[in-house]
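Below, each structure is written out as structure tokens.
Note that subunit A is present in both complexes that follow, paired respectively with subunit B and with subunit C.
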Partner chain A sequence: MAGATDLLGPKADRAFGLKLVAPAMIILIVLLALPTLLTVVYSLHDVPASGSSFGPFVGIENFTIIFSSPVFWRSAQVTLTFAIGFVVLSTVIGLAMAMLLNQRFIGRGLARALLIIPWATPWLVIGILWKWFADGSVGGLNAVLMMLGLTSDYHPFLSDPNTALPITVLAAVWRQASFAGILLLAGLQTLPEELNEAAQLDGANWWQRFSNITLPWLRPVLITVTVFNVIYAFLQFDVVFAMTQGGPGDTTQVLSVLIYRQLFVNTNIGLGSALAVILGVVALIGGLTIVRLFYRREMH
Partner chain B sequence: MTITNATRGLGSLNRRSFLKAGGASALAASLLPGLMTGTAKAAYSGTLDMLAWDFQPDTIKSLVGEWTAAGNPAVNVAVIPNLGYTPALQTRLRGGDKIDLYYNFAYNSQKFVNEGWAKTLNGLPGVDEMIADMFESARGRHVNAAGDIISAPYFSAVHMLHYNEKFLADAGLAVPTTLKEIYDASKSLQSTVASPYVAYWVKEFCEEYLHTYLLNEQITAFDDAGQPVFADDPKTVGVFEWWQTMYQEGLAPKSLLTDDPGKLSNEMAQGNAAFYVLHHYFLTSIRSLEGPQSANVKSAAAGPSTLQIGEVLQMGQSDSDDERLATWELMKYYGWKDTDGKFKVFNQWAKAAGLAAPYAGFFTDPEVIASFPDYYDLAMLSDTFASKSNVVPARTLPWYPDFQAKVGDIVHALLLGQATPAKTVEDLTAAAKGAQGGRTL
Partner chain C sequence: MASSAFERGRRRSPATSIAIYLGVLVFAVWILLPVWYLVVSSLITPSQLGIKPFPLVPSSITFDNYFAVLFGNTGGKGIGSTDMGTRLVPAIGQSLLVSSVLVVLNLFIAGAAAYGLSRYPFRGARAFELSVIATRIVPAIAIIGPFFVAFRVIGVLNTPWALVISYNVFTLPLAIMILKNYFDQLPREIEEAAKIDGATRLQTLWIIIVPIARPGLVAAGVLIFLEAWSEFFYALVLTNQLTVPPLLAGFQSVQQFNWNALAAATVMSMLPPTVLVLIFQRHVVGALTAGVGK
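Presenting the complex of A and B:
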């Protein structure tokens, strides 16, 4: 047994632990780290479309081309607008749905089950569904607005530069809000009822209970939800591609669509990779900012 | 078998001159039966790989299966969706995937040759005869400026004006031919149909309309060297003024920027539109919808000249000359004629959807004529292919896909009133020069 004890010593533990995580590590390295590294290397080269080599090293020339292009800045503006709308609406609507579904009412189980449906639907399918829903001739959205008396005529939402981006945001929010709602509902279910009851007995109104008990309780979940929302917002591609392919004009051309076009249509691998690096950094900064902001507030 | 210049036959002549010569067709006709039958069987015993986009996959497999059943190699057919076909194909080829034969968009063809993803067809037995058999107007799509043969036809089409004959007759209007006449007729028809004119103006397709409308006013966009000569033609601004006015004045519906062609066919079938400019075979989809106005829809030439489009078959890299020859046999069958000299594959596509082949003989073949529904005016269609359409050879140049991808944004800006017609000319010129110059967003 002495030998066995030696084997289970600290060094052996580490070796055994490494063996256990090795498969996962290899998968992560091959599928995540290497492609990331390759993208960074590509971004510094004028890569031939054929993929036969890295091509000539061009330093930061791809980034210079990107930053001096009005196409990039317009796309960055569209991406930021999309991201703000997506993050705010997904989080707020998700929270509202979670609070509603945390109440007791007949059919709550069914409503909770329905909440999962958008989240379980692939992004691309959501895009196709919403493309038809927002259609200017036969779309359900127009029908609903007409029934409610909010419009007197069918409106081509996706061809109108003023409404195309908001509609793509709404389509993406429809799915992401359900994801946020599910996580926040899980957080709400851990909130002891006594806290709210005691506050109610002390005369706290709904807003006071929400802002002083519910929100602080949900903060850890909210951080996770918001970080996810920020990352999904910047990396969103499927919904926009299925609904508008970046149009009309460049109205909905988010950076991910621009990257797709450069990498896979024009086969400007170097330029597309540089765009991907920029977007990756932006998403990372966005996510980290949210984490720092929330944690700092929590610490204070 | 090693393919050398000695086996190239007609290819060893000055190919460019030969192909341009009017006598080539006659020579081809005299050689054809022997060439077609003499190259029927391939020595290759392996399996060929073919990639196609998702249009009637069962028909593709059936056609290829018949070829194999005639004693040819087996073919492994893979089908992927139309949407995103180019990115998927490029990614596979870039990753080293070996595909013997694949569908491609004509505007990709020279780029694919340059990148080493496709082989030229120079010197293959019968290839010069195939080219000579084509309408002269179509050859520029398959033969580049240097005389290299870069592709074979998959199908061809011409942009036509589909119109509602009854609406025009009721309003006492003749079929319009110029852009101005289309505008005037649309204005007159607004009392019958709110937005009489429809076209597939989504971003990806604006480039085809750019050429269609320019050709309608007899403006060539690019010279053979790819220079954007449209910018020098004073009529060009007028074309863009027309385009913008049609949209801004509501003669074309506001939803056109994202509407798909199936929906537009239905608009014609239902009588919600009077004009629809798109490929000739959309007449089939309008008629087959059997809407209240379907039977009243006819087609006319879209002006004195129109855009002739055609998607192509390209040959990938082969491991051996035998494999290359076998692939070529399949290409001939699929993109020209079978060993009996029949347009077997094209005839099937004609039956299925009204697709055409860029060969004069296609339109006079009794079997093909029988395959087209009566509502097609094949003589007019053939005439359009022969002398009233242009493939715009610059569309196959290696930089063209970059330009093609940018046209949509620029034209949409015009339609939405965000750019003037003059600015649009400037932007398109800059886009063409930028694409030729290398890396740009």
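Presenting the complex of A and C:
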């Protein structure tokens, strides 16, 4: 009897597991897999603006149009610049904040609570907040620079083609560095203090302890954080849309904004979908590259 | 232990202490300056806003902007030509509705799925879990086209349902990942003991596991709420400024609108997620970091 139920058990267990997962699976297939597939199909058609049918099949024509368009390459360049600045700054500032908040000082609990505020703030609100913070007539950033004597008059950061992109990067970093800081701080808190103390007794200086103990300890968290940063970098829409809508000119027109324009301003569903496919592939490659890069270094 | 902690504290040189407190000062300015600018903007009048340099410490404050965006025009006291006063409160209501419905639905659906993946793995369970993680890479912007077309056909555009349905794209995978990691941490002896006591699998899940897993469920609920409350792009495209984010974005493009009033509305929109996260800080950070590095 006991033997029979043992044999039946796992099979009934598996069926029970499948039953529990089935609703989520069905929802994700209908709401995620299907639209993803449809987007790929759209990208191969000249879809009418109404979107009521696929329209004529055009093969890779949408992609040919995109790859021969200077607008796309300009946008790709902006996206890449945005992504590099965003990933590097978010990770570095996040790590610096985590290491600082891992020290002992008065008011540490309050400081750790502060770290959470940018992360809890909606991306769009960060865009609105920074748009006005950097404003050329009522902005707080200008006020601070003026009070510090760094500038003599207000500067319209977001309508200046030279500063628009850096300021949007900074705004997005303000939020993402906090997310990185939260995860990295949690990682640092699990680092046994004895490791650092032993190294200190052996005469290791701050930099040696940082590069030989702290960084290797944080590697798994750093991989996760960096992959998140890369994905958010390529998929960022809200902050740019709220701050500049892609302007001035095309200086901040990242690919997600270009997709929005194609789909909903020019109502070119085929071309917009092809752009979306390209963006998805780029984000995927970006994420995988980071994972590869880190793991390869680990092997050495 | 106490004495060693004491020695550790003493070993720090004064120079290191100064460096740390300088660092804390820079950190506080980095986080607080933009927030402070926003809060001050919401508490001053348009004429104070015009002062150069911007009054980071205003000589007087007023709550008129908040009254204006919450209750409508306050006798023409500088709200501009926007109708924010009549639209912000309903939008907050819709945002709360969409977010809460999603939290409840997702906790049931994702909770069941995560528990099944953690305790009763079936053939293909691992593949499903990996594809759930991979969905984080799919650009939500990329797949909005089919939603727009389908929702127009079935006539749910500009209703909360358009958002309750489409937000599953990001909230459901997130909730499954968080809860799967959480269930993995619970000891398996719980199920074994319940089985010996004669409880069915469903009884075990409902009567024993759910109460034990409450911290994980709370954390997942907060994160779902956060994503739904913050979502802008789908709300922009699938509704006519139904929820708070597209409404705020809409006010930016209104001519003659007023930053003081928008600042007050923006502060209102930041309060629910920030308060929620600060209350459940421990749970949320624990859940976020539970699966890191796996």
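Rule of thumb we're sticking to: the second predicted complex is superposed on the first by the 290 of 300 C-alpha atoms of A that agree within 3 Å, B and C clash if a C-alpha of one lies under 4 Å from a C-alpha of the other, contacts with A are read in each partner's own complex, and residues count from 1 in each chain.
What we mean here is this: contacts are C-beta pairs under 8 Å (C-beta built on N, C-alpha and C of every residue); 3 or more make two chains touch, one makes a residue touch a chain.
Just so it is clear, the model here is predicted, and its values are computed rather than measured.
By the document's definition of touching, of the two partners only subunit C reaches A:Val221; subunit B does not. By the touch criterion defined above, A:Ala120 reaches subunit C but does not reach subunit B. Looking at the shared chain after the overlay, A:Ala276 reaches subunit C, while subunit B stays out of its contact range.
One of subunit B and subunit C touches more residues of subunit A, and that partner is C.
By the touch criterion stated above, A:Leu258 is placed in contact with subunit B alone, subunit C being left untouched. Of the two partner chains placed around the shared chain by superposition, subunit C is the only one that A:Leu34 touches, whereas subunit B remains out of contact.
Contacts of A:Pro23 after superposition on the shared chain: subunit C is touched, whereas subunit B is not. In the superposed pair of complexes, A:Gly246 makes contact with subunit B only, with no contact to subunit C.
In the superposed model, A:Arg14 lies in contact with subunit C only, and not with subunit B.
Judged by the touch definition given at the top, the superposed model places A:Gly51 against both subunit B and subunit C. Once both structures are placed on chain A, subunit A residues 51-52, 131, 135, 137-138, 260, 264 are touched by subunit B and, in the other complex, by subunit C.
Those residues of subunit B that touch subunit A in the complex are listed here as 84, 86-87, 90-91, 94-96, 111, 115-117, 202-204, 253-259, 263, 267, 272, 401-402, 405, 408-409, 412-413, 415-416, 418, 439-441. On the side of subunit A, the complex with subunit C involves touching residues 13-21, 23-25, 27-28, 31-32, 34-36, 38-39, 42, 51-52, 97, 100-101, 103-105, 107, 111, 113-125, 128-133, 135, 137-140, 142-144, 146-147, 154, 174, 178, 182-183, 186-187, 193, 220-221, 223-224, 231, 234-235, 237-238, 241-242, 256, 259-260, 263-264, 269, 272-273, 276-277, 279-280, 283-284, 287. Those residues of subunit C lying in contact with subunit A across their complex are 8-9, 12, 17, 20-21, 23-24, 27-28, 30-38, 40-41, 49-50, 52-54, 56, 109-110, 112-113, 115-117, 119-123, 125, 128, 132, 135-149, 152, 165-166, 168-169, 172-173, 176, 201, 226, 229-233, 237, 245, 248-249, 252, 259, 262-263, 266, 269-270, 273-274, 276-278, 281, 285, 288-289, 292-293.
Contact residues on subunit A toward subunit B in their complex (touch as defined above): 46, 48-52, 62, 65-66, 69, 71-72, 131, 135-138, 156, 158-161, 164, 243-250, 253, 258, 260-262, 264-268, 270-271.
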